[in-house]
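Order of writing sets the chain letters: A, B, C and D. Residues in each chain are counted from 1.
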Amino acid sequence: MIVGIFGIGRIGKVHAENITRYFPDIHIKAIADPFMSEESVNFCKQINVPVITNDCNVILNDKEIDTVLICSSTDTHSSLLIDSANAGKNIFCEKPIDYDLDKIKAALNAAQKNKITLQIGFCRRFDHNHKSVHDLVQAGKIGTPHIIKISSRDPSPPPISYVKVSGGIFYDMMIHDFDMARFLANDEVEEVYTSASVLVDKAIGEAGDVDTAVVTLKFKSGTIAVIDNSRQAVYGYDQRVEVFGSKGCAINGNDTSSTAQVWGEHETVTDTIIKGMWDRYRGAFIAEIEAFCDAVKNKTEPKATGVDGLYSVLIAAAATKSFKEKRVVKLSEIVY
Amino acid sequence: MIVGIFGIGRIGKVHAENITRYFPDIHIKAIADPFMSEESVNFCKQINVPVITNDCNVILNDKEIDTVLICSSTDTHSSLLIDSANAGKNIFCEKPIDYDLDKIKAALNAAQKNKITLQIGFCRRFDHNHKSVHDLVQAGKIGTPHIIKISSRDPSPPPISYVKVSGGIFYDMMIHDFDMARFLANDEVEEVYTSASVLVDKAIGEAGDVDTAVVTLKFKSGTIAVIDNSRQAVYGYDQRVEVFGSKGCAINGNDTSSTAQVWGEHETVTDTIIKGMWDRYRGAFIAEIEAFCDAVKNKTEPKATGVDGLYSVLIAAAATKSFKEKRVVKLSEIVY
Amino acid sequence: MIVGIFGIGRIGKVHAENITRYFPDIHIKAIADPFMSEESVNFCKQINVPVITNDCNVILNDKEIDTVLICSSTDTHSSLLIDSANAGKNIFCEKPIDYDLDKIKAALNAAQKNKITLQIGFCRRFDHNHKSVHDLVQAGKIGTPHIIKISSRDPSPPPISYVKVSGGIFYDMMIHDFDMARFLANDEVEEVYTSASVLVDKAIGEAGDVDTAVVTLKFKSGTIAVIDNSRQAVYGYDQRVEVFGSKGCAINGNDTSSTAQVWGEHETVTDTIIKGMWDRYRGAFIAEIEAFCDAVKNKTEPKATGVDGLYSVLIAAAATKSFKEKRVVKLSEIVY
Amino acid sequence: MIVGIFGIGRIGKVHAENITRYFPDIHIKAIADPFMSEESVNFCKQINVPVITNDCNVILNDKEIDTVLICSSTDTHSSLLIDSANAGKNIFCEKPIDYDLDKIKAALNAAQKNKITLQIGFCRRFDHNHKSVHDLVQAGKIGTPHIIKISSRDPSPPPISYVKVSGGIFYDMMIHDFDMARFLANDEVEEVYTSASVLVDKAIGEAGDVDTAVVTLKFKSGTIAVIDNSRQAVYGYDQRVEVFGSKGCAINGNDTSSTAQVWGEHETVTDTIIKGMWDRYRGAFIAEIEAFCDAVKNKTEPKATGVDGLYSVLIAAAATKSFKEKRVVKLSEIVY
């Protein structure tokens, strides 16, 4: 597999580094970023990337490159996706494909028309803890799902400048959880209701967003999922899921840095949970690339498809609408 | 304290037995139940109750009896409460006071007018696990509450005959959780949204009720609580709460029968959670009586007041209305 | 069952109270204690014991009393046991029967000759956590036991005055663990090695005892057990067992007061373990009486026999000898 | 840092791979192995090692190579260590240095004389779980250590052919735990007592070894450590330590593959512990190289010194002697 990477920000570097370390069969031939910094150039050199460029066309026009990773800013995803698909390249695209439903549709059409493999970067589907719960559900251990609970809380809020352009908590943060809910329920959402507040930082409210949100999803089967998000969990990056069903309950907890504890006179103290996203999902970032390679090689359906990318945005749109209109919103109301 | 007990069904027996065992200072002088069975008479004799009667007036008219426990069927609560209050007796009344808001109001007025102590049987406020979380929150360990999560699932559904007269899952089962949410939030509810399904047993749906429900409560402060109920958790009586706030998260888990586990070749097996309500809240039933005695003796406000009893029913009414009308309901819409 | 109790100190009161509360079929007719205090008399009156006396013969001579509980000081156990057995009464005797092996032999002979039921107060065999591990082992869940680990640590040391007359840590404290090791191994000890130190309080050393001890037991089958004792675990009454075998490992942990925990910014804090022996083994004290009643009624072998009482003392003797002679001691060296 | 590696078996490959992945500042210039296989040559090529040779002298004579990793078979450790030290190279040497105390002494003398940095491969000192307990102890969280417990059990026994040449369980397997005990106690051992059995496989006994062993160590301070080893824990690679002291207890548990669990009707099932040594100590292998680099760069004392290497072998000798002579052995009896 000969790979080109669009965008060499944080997530681009993570994928490039993981590929260099763990995937000896993948050759990163080119990395393109219109805003390539000196530090990024050095990074690319250190991992022996032959072609380092500001120009995305270098990758698009390179016939040898059969696969691309789209790790650039969200507003460039759909056009790069369409161009890459038209150039016949397999595509791993970071989420979200776009916030605009028409652009998503165009991107999915291009992927389908060109019969390339498209996987969306819903890394959490590949996380050891979440995947275990998913697999236990799929193995029938809990029977039919009745209630799904997802807690997803960031250690600290992003800068207000970012909040303003983020698309809001439902597009920016909870989108992962919408995908997780669909992944765990193995079903499609019908109704969405949002209850949300500004409790962490007033400035987030002034920027037109909320920082604390609980969204209830009703699936076609009647399964109910409830997701809670907070922009600030001081104790760490809180990532838990639970699927309750007719035969039992599958549930996970947070990872900790160690299993050590101290039994003291007045309290028992255990290690805190892992604080950073990059640490928490370190294994998931590797596993999603491995799964993508498998899908490309075996020409099988990826485990996080373009349609998954579309649906998470549809639900984000419904959740936003529900919040604004203070009412339950049917997914069918979101037209595209 | 000289006590009379109205109603000697399951909960009446639990209180009578606990008082006999653990409260040597309380003398149960009389137990009245219009449907007193031979088995119940024997029970009363065994614990040396002097007066065993079908006639509630025997208790109401006995000047020596200064305190009553109302453990009869729900439809008799409010009138017994009013009569007992008017007779100047302190009252421990099982929840709910009534489903009719006017009757509740009348009962609370009678209690207030007669300046007697009235405690409602919200036993969970006194449970070791839930009280610990509450006390940690009150001690400021988690800062300001932002999100509250309550899971409350019964091991198995009641008979359909009972479902039909139960008032529905929100009045019958989730009422405890509405009270728990207020207890943990230390705040009042403004908005209620219900998402509910029939997933356990179609017969429950045919009886006009649901068996799986998720209710979102928004408090005045902006705190959001989410409660999930199921009529059937095959693994036991699942009772968990979580309060997430600005400085951390207080959370509890289920009690198990033992701490034993087996590390086997293919799996690690731990003990299941406690299956029955009577076992799970055994200590809470004792602790609530102890707290009631303290409130009576010290003339302090009980830890579960008549107003708490009222609010839980108000929220149940709003949750029911939200379910029926498929929309968010403000608590202020519930007129009484 | 009509019962007499010898000795109304702490453990005598626990049994008397439990019988009154939980065993309506048992009638405590008499309690005898040569050093009966006013407070003890009041206690006996409160639980409605008809005969309260300083004279043990009152119980021994009462034909109606078919069963006795020997809860007096250790030095009186064997003679009361012999007299009660000769009077044809079934006997529950607190551990140890005696420290003198000849006296134990005489007592066991008397019990056997009179064909009465004799159960020794090894309450830990009836503890929910330890019994669960035992039952899992008996059920074959871990195959053949290879290694047994027992941690048993008191929250704080007894007064030095008590240490001086206690017979030493191996007779006074670890005797419970010797019995537990035999109970879990279902085998007999061949070799004993003791390593011990004075680390908690020098005064304990000056009194001729140790406060920290690790004893290794080798069983006939080759199974190795290791017991550690400390007179002071500041975090509570630490009681854990582990049985490792050919098919897995059965292990338990300490009970805590609640399942509540706080996830804070710098640490996760969980509830401490139960600090007091009386709380920790509350259920075990009830369960051992229940098992004793069953053995009496069904004329089955008790779950903690006189022979168990003997062997625990034999091992204590060997452990003491090993400590003094700084060498491994065979149990066969302990002659009686 | 320019590095040469002696020996490219399993552990040599692990270090070479980790250095390539995680230590961009370290250049592996040469790998020497007298029994270099074609597969190993390919491995070396893949990670771009310039010099691949059968001849250890190539490394010893290369002035540019300032640092060596000795990963060859144990019988070659001491002579390679001496030659490398005499060549002025810093040395990371896998444990044990040797089984012969004179050879160890000679090796340590060479290291000292040449003032090079020598670190021994006691990787467990760098494990996240064990290091956490160690650091908590060093931070004073548990006061003075009184009792140390170490459980160390392999998932399955090595081939009998290996058992015969392994030096026995105390040199081959428990040596890690002897080092861990010293690491946690921060003290020196005075007395050693071994109780051991053949319970896993008779063939191990026929090969002159044991498969189940419990060793008690008494330290100078009076602290008592107890280590249990088994060649076969069917549930995985069981690695736990506990340090009990005057102010509390620091303890860890095993890592699991995920935090997922299933609450089923009859049992709660959690994920099994990690089964393989290479997975379990993956992070420790990286961390020990990082620490070694720091020690070399900063000319500080390594965290696992040659003296640590010597003492672990001394204790292994004493444990072996105790087992053979069925008596407690003082470490001072082991002459070298």
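Just so we're on the same page, a residue touches a chain if its C-beta (ideal position, glycine included) is under 8 Å from a C-beta of that chain, and two chains touch if they have at least 3 such contacts.
Because the structure is predicted, anything quoted here is derived from the model rather than measured.
Participant: Of the pairs A-B, B-D or A-D, which has an interface that repeats that of C-D (more than half of the contact pairs shared)?
Facilitator: A-B
Participant: Which pair, B-C or A-B, has more C-beta contacts?
Facilitator: A-B
Participant: Let me have the rounded angstrom distance from the C-alpha centre of chain A over to the C-alpha centre of chain C, please.
Facilitator: Their C-alpha centroids are separated by 58 Å.
Participant: Any idea how many Å lie between the Cα centroids of chain A and chain B?
Facilitator: So the centre of chain A lies 42 Å away from the centre of chain B.
Participant: Using the touch definition from the top, which residues of chain B touch two or more other chains?
Facilitator: Within chain B, residues 234-235, 238, 247-249, 263-265, 271 contact more than one other chain.
Participant: Name, in rising order, each residue of chain A that touches chain D in their complex.
Facilitator: Within the complex, chain A contacts chain D at residues 21, 24, 46, 128-129, 131-133, 136, 141-142, 247-255, 257-265, 271.
Participant: So in the complex, the part of chain C that touches chain A is made up of which residues?
Facilitator: It comes out as residues 234-236, 238, 256, 263-273.
Participant: Residues of chain A touching chain B in their complex?
Facilitator: Residues 144, 146-147, 149, 151, 153, 191, 193, 195-200, 212-214, 216, 218, 222-224, 226, 228, 230, 232-235, 238, 244, 246-249, 326-328 of chain A touch chain B in their complex.
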